Each structure stands twice: as C-alpha cells, then as structure tokens.
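In the two complexes below, chain A is the common chain; its partner is chain B in one and chain C in the other.
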Partner chain A sequence: MRKRAQMQMTETIFVVFIILIIIMLGFVFYSKFQEISIKEKEKILRNIEVIKLAHRISSWPELECSIAGAERFACLDMVKLEVLGDFINRTMKTNSYGFNYYYDLLKNSKITITEVYPSSTKTLGTDYWLLYDNPGSTPLTDAVIIPVNLYNPVSKTYALGMMEVQIFK
Partner chain B sequence: MSLYNNIASMLRKPRKTRAQEHNRRFYRKPDNETNKKSQLEMIGLTVIVVIVITGLLIVTVYKFNNPPRNIQKRYINKETATNLLIAMTNTNVGECNNLSLGNLLSDCGSSYPSINCFDYTSCEIANQTINTLLNQTLVDWDLSFELNISSPFQDIISHFANLNCDSTSKQQEQAFELLPLEAQNVLEITLILCLDR
Partner chain C sequence: MVNAGGLMLQIKCLDKRGFALQFTWLFVLIAGAIILGFFFSLINNLMHGEEVQTDIKATQELDALIKINLASGDTQKIVLFDKKIIFSADSGSTYSEYYVENSPYIAKYEYNAVFSPNELEGDEVIIQNVMFKAPFRTLPVVYVSNKDIEYVFVNTSTIINLVSSYLPENLTKASVSRGLMPDYPDNNYDHTVFILDDAAYLNSLRPNSFRNADKRLFAVVITPGQNTIYGYGNLTFYHYTSSNDFVSDGSVPFLDLTTIVGGVISHDKAIYECNLRKVLKRINLLTDLHTQRMRHYQDDISLFECKNLYQTAIAHLENMKESSIDGEKLFTEDFQNLLISINELRILNPYIIGTKDCPGIY
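Here is the complex of A and B:
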C-alpha cells in the first residue's frame, strides 16, 4: 500500500513538473510576441509624432505660405525655406542661440524638402532643401514622407513637394 | 472411487497462484479494474491534448486571418492620402498657363469644357499631369492605390490604379476631395490606398 502511494506521489510530482514547464514555455513565447508587438506600436507612435511635427513645421510663420494673411494647408514658402535652412545651418556651426532655439523644437532629426513636380533634379537650393540636419546615432523612426505644396512667391506658383522627416536618438 | 475423485477435482475451484494471492492481499482492486482505469486516464489525457491543440490552431488561424487593424498606421496612410490630394489639386501646371490642376479638373468635369492648351484639352493635360505626379510619388514608393475622378456631367473622367488595388481589398484607406462645378455640382476625386497588396 505504501509503495503504491509513493508511486502515485511520484506520478503527481512528474505531472505538475511537466505542466509547469509547459506554462513557462507558453509564458516565454507570449512575452516574446508581446515584446515584438510593443516595439512595433512604439515605432508607429513615433511615426505619428513625426507627422505632427511636419504639420507644425508647415504652420510655422518662418515657413508658411500665406496670401493676404490667409494661411494655406500643408504649404511651404520656397524663399523662406532657403533663408531658414541657411540660418539654422550657419548657427549650428557656431552653436549660437538660433540653433539652440530650433534644437528645442526639432531635437535630433533630419528634415529635407524635395520638389517632385514640375522640377525634380534634386539640386540643393533649387528643388531640394536641407532644412535641418542634426542626426543622432540611431534612427528612432522611419523616414516619414508628407506631401506638401511649395509656393514660389516670385512666380506665384505652387509646386508639389515632399517633406521627409526622420527623428534620431 | 477414483472416478468420483476425478469428477470432484474437476468441479473444484482452481487454486490461486502465489502472485494472484499476493495481489489479492495487498491490492484491493483486481487487474481488470486497474486496466480499465488506466485506459480511462489515457483517453482523458488524449482529449485534453486534442482540446489544447485545437484551441491553439483556432487562435493561430484567427490571428493570421484577421491582423489587428492598427489605428496609428491607418492615421499615417490617411494623412498621406489626404495631403497628397490637397497638394496635387493646388499644384500649378506649367504646360497650361500655370493653371492649377484643380482648375483644369473643374473645367474637364464641367458640362462644356473650354480650356485648351497647345491643342490639348483640359482633360488631356490634367490626366497627363496626374500620371506624372503619381509616377513620382505613389508608384515610386510601391504603394497600391486607385484614383478615381468623376463628375455628374461626364461620369468617370479618370481612373488610375497600381498593383491591383480594387474594392476587394480588406485594408484600405480612402481620401477624397471635392471641387466645385457649375450649378452647385461637384467633381469628386477619390484616392484609395490598399494596404494589403
């Protein structure tokens, strides 16, 4: 009788042990899947931040294109782009107040604007502008591309452009 | 007498072996009952394993067939589609006196199109420009899309599609723009991005 009880105890311990192993394996797999899903969500949330940043940029008085005081949606002034890009890059070299001001708003990021229609030669200053170039070590987001209008105040015409924003660590 | 003994020995109950006697004394249940119990346990275990595997299969199939609709991803694609439509309609077309694409489309969708640029109608110039714009943006980014432009006077003016995007797509984001025409009619531009293609 005692031998049989011992056998049953061993059997119970064995079953509990196996069940524990199965539960632990399940937990490991579940946490792995969760980790991947959380990382993906984090990346998408950061990409949304990039889109919000791009919208904010297009409504900056330094860049917006307004006709008779009326601001246009998702539109950048080409002349203002040129001037602001030059200013930021110049103050970045001297690390003066101008750069520090924009660093507070843009942190470690890279913002470029490319005209795709009518001209698409990617010539710096003509149809390609490097607005802010302060990349960090690791990219935190994908390069998010937002379609915008580029206003030429000289010819009073609108071109189609793409604003590319990427945030770094 | 010997015949009587033989018959008596045949009728007598057979003597138990030592093992059978041991089992009887130390184990309460006879062999048949123990076998039956272990068979039942085996069946129970198999049923549990089958249920667990079926559950896992159902969860896996459900997960793969219905990927979670991500609101954030939808937002990004909707923003891209909406911004692209707005930016496109505001863009000036150099080949047609710098008129905006929106103006050309409005003329094209009206009951009596009147704009002509170098022997091309407003519809031809607009379609050509849209084709160039889409090639440099959505086609270049390998996005699956469908663009439809329709007017109440001419039904469908333009239709552009890339990578088999159609209404059967399960995951799609839609943006639209309305341009005013004469007599309170509107020209409708619809851009659909198919995310599962």
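Here is the complex of A and C:
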C-alpha cells in the first residue's frame, strides 16, 4: 500500500512537471510571435515617418517650387535640387554649420530624386539628383518611394518624379 | 519524589516552550519589519522612477511641439502643462536647451529659433510659430510663453502699438500711459515685463507694492534705427534689482517685428541673442543657396534678358551674406544693411517674375 501511494505521488509529480514544460513552451512560442509582430509594426511606423519626412522636405524654402511668389505643395524645383545637393555634398566633408544643419534634420539617410516622365535617363544633374547621401551601416527602413512634382523654372514645365528615402542606423 | 521530578520536568518544558514562543514572536516582528521595510522602499523607488519617467515624457512631448519643422505655417497652440520649464542659452553661440524641473532629460535645440522667458511655470503653455521672412521664407520662429507673464506696454507710440498688436493672442497684455506708469500695481503675475520706447521713463516706476520685485520685474526698451519704425534697431533688456533700480543687461539689435516680439516675449538678453544668431545663420545659409541659383540662371543663355537683374540680385544676396555673419558681437549697422538688401529684393523679385517673366530670386 505504501509503495502504491509512493508510485502515485511520483506519477502526479511527473504529470505536473510535463504540464509546466508545455506551458513554458507555449509561452516561449507566443513571445516569439509577439516579437515578430511588434517588429513588423515598428517597421510600418518607421516607413510612415519616412513618408512624413519626404513631405516635409518638399516644403523646405530651399527646395519648394515658387511660382509667381506662391508656394506649391509637394513640388520640387529642379534648379534648387541641384544647388542644394551640391551644397550638402560640398559641405559634408568640412563639417560646417551648413552640413550640420541638414544632418540635424536628416541624420543618417539617403535621399534621391529621379525624374520618371518625360525623361528617365538617370543622368546626374539632369533628371537624377542625389540630394543627401549620408548612409549608416544598417538600414532601419525600406527605401520608401514617394511621387513628387518636379518643376523646371527655366522652361516652366513640370515632370513626374520619384523621391526615394531610406533611413539608416 | 517521582511526582516532584515529573513536575520539575513539566515546568522545564513549559519554560522552554515559553521561551520558544517569545523567540518566535520576536522573530516574526523583526522579519516582518524587514519585509515591510523592503516593500516600502521598493514602492518608494518605483514611485520616484515613475515621476522621473513622467517628467521625461513631458519634456519629449514639449519637444515635439516646440521643434517646429520648416514646413509649418503660422499657428498657435495652448497646451496643458503644469510642470516648470527652465530655458537656458549661450548668448555667444547658437547653443540652447530646456528641461522640465527634476527631469534628467535635457532637450537641446541648436537650429530652432525659440523665444521664451528663462522659466515658465503655470497650468498651460502658449506656443505660437511665425514664419520669418527675409524676404524669402527663412525659418519658423517659435514664441513660448504663458498667461502668468504680464506684458505691459507703456505709451501709445507707433512702435509700441505695432508690437502690442503683433504679440500673440491669449497672452496677458496691458497698456499704461507714461503718467500712470509710476503707480502701476502688482497684479501678482510671475513676471511683469514693461515695454517702452524710451528708457528715461523706466526709473519713474515705484514698485514698492511689488513683492520680490528683483525676481519679477523686467523691461525691454525698443530703439528703432534711422528712417524706420520696426525694420531694424536695438532692444535693451533690463531687470529690477534689490537696490530699487532697473539695471541694463545690454543691448542687442533686432530685425523686423518678428524679432522685436521675440525679444519682448523672452525679456532675457542671452535667450534673445542666442535665438537671433540662429535666424542670422539661417539667413546666411539661404543667401548662399539663392546666390548659387542666381549664378546658374545667369549662365543660362535662354535667360539673357534677366542677366543684369540676376547680377543685381547676387549683389544684394552677397551683401546679406556679409551682414549675417555670426561674429562675437552683433552690430546694428549689419542689421541696417540686411534691411536695405531685403527691401531691394522684395521689390526686385516680383519685377523679375511679373515683368520680365524669368524665374524668381525666391
């Protein structure tokens, strides 16, 4: 009788032990799943921030289209693009106030603008502009592409362009 | 005998039990006190940690409101904020920071022009942003204040009336004539700032009724430059001292109503000068970019009709660039030159766009 009782007790202990292991395994799987889900949401939020940044950029006084003194929304002036891109590139090496100003706004990121219509030869300075090229080691977001209006103030014509923005660590 | 022995044993056992009981109670008391003490200490630490977290979060929320982006339009926000905010700035550079009292998190803003008093305490904060134009859109200037600061405009001259009307709505404003200024009452605001156009009337104030006058009374005297009302000039900052006198903290130039209002709202020379330098640096940066663009247009054969106009624009932009160099001291003459070039560009740009049908300067 005593032996039977001892065996039953051992059996119970094993059962409880196995149940605990199953619960722990379940918990581990759930945590992993949650982590993946949170990382996905984080990525989506970061991409939204990138889109907001792209919209803000198009309203900068140094890039916005100004036609007859009125500012246009989501429109970039091609000549201003070229001038600002050159300026940032030039001052990047000198660590001047000018570059530090844009670094404070753009941090480690890469911003390019490409004309897609009517011209799409991807010629630097003509229909392709490297506005800001200061990438870090690891990309934090996907390369987000936003359509923009490109205005040529000399010929007074518009073109369709794509602004590609990617943020790095 | 056996009975006596048994009784002795019983008594001994009872003693042992009694002793054990006492010891148990003692043990329970001491251990209980230690455990209770541990939990109280844990709760205290958690509460303190939560308070610090709240302060940090409050600073971050304020950060998002104050650091306005370049695309912002003119807006005003009234934010419920019951914590004390302390602002500080280095008048010789563009370094400035603020933090919420007791919070370890300090927010630095080297590129945003934020005009504020050196401390703000109240139930709400009023944040207004205005785009500074010179004459092209330069940067949004942010005014931060609250209703616990009283701005008293002395006299009704043109400049005083202009500044009073340009001051953000919802701030506490008052007007007083020069004659009634000496007996101006203490309305119990955190700060009372007198705005005058003549320093001679400053010491006519008899602030006997003001409690802690040396911590609460300030003045800003606006001295416009030649041939202008608000284009350029000097702001002189004063604070009241315990020796019953207004003492000057120094003068700093201003450019346009936007910066005058900034000076009035901050009524602090260091904060005003630091943020003014940020405006100047931004003007310097933008004139450089606009100059490069004008050279590009000059080289374009299709715009030969406007070549001379672009040359004139470049001259004005270069003048602006020279006048906006951030030196050790800011000179009123530089601000005068800036104003001249700004006014010239303001006339030239619509002429280039409208009459000549060429791309504009800005």
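The rule is simple: the second predicted complex is superposed on the first by the 168 of 169 C-alpha atoms of A that agree within 3 Å, B and C clash if a C-alpha of one lies under 4 Å from a C-alpha of the other, contacts with A are read in each partner's own complex, and residues count from 1 in each chain.
Assume contacts are C-beta pairs under 8 Å (C-beta built on N, C-alpha and C of every residue); 3 or more make two chains touch, one makes a residue touch a chain.
Here the structure is a predicted model, which is why all the values come from computation and not from measurement.
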Which superposed partner A:Tyr158 touches (first chain B, second chain C, both, neither): first
Partner chain in contact with A:Val28 - chain B first, chain C second, else both or neither: neither
Touched partner set for A:Pro61, first chain B, second chain C, both or neither: second
Partner chain(s) touched by A:Ile48 [first = chain B, second = chain C, both, neither]: first
First, second, both or neither for A:Leu84, with chain B first and chain C second: second
Touched partner set for A:Tyr101, first chain B, second chain C, both or neither: second
Which of chain B and chain C A:Tyr117 touches, first, second, both or neither: first
Touched partner set for A:Ile13, first chain B, second chain C, both or neither: neither
Contacting residues of chain C [partner chain A, same complex]: 69-71, 110-111, 136-138, 281-282, 285-286, 288-289, 292-293, 296-297, 300, 302-303, 349-350, 353-354, 359-360, 362
Chain A to chain C touching residues, read off their complex: 55-56, 59-62, 66, 68-69, 71, 79-80, 82-84, 86-87, 97-98, 101, 104-105, 153-154
Complex contacts: residues of chain A adjacent to chain B: 1, 4, 41, 44-45, 47-48, 51, 72-75, 116-118, 120, 144-149, 155, 157-162
Touching residues (chain side chain B, partner chain A) in the complex: 26-27, 70, 72-73, 75-76, 79-80, 83-84, 86-88, 90-92, 94, 98, 100, 129, 132-133, 136-137, 141
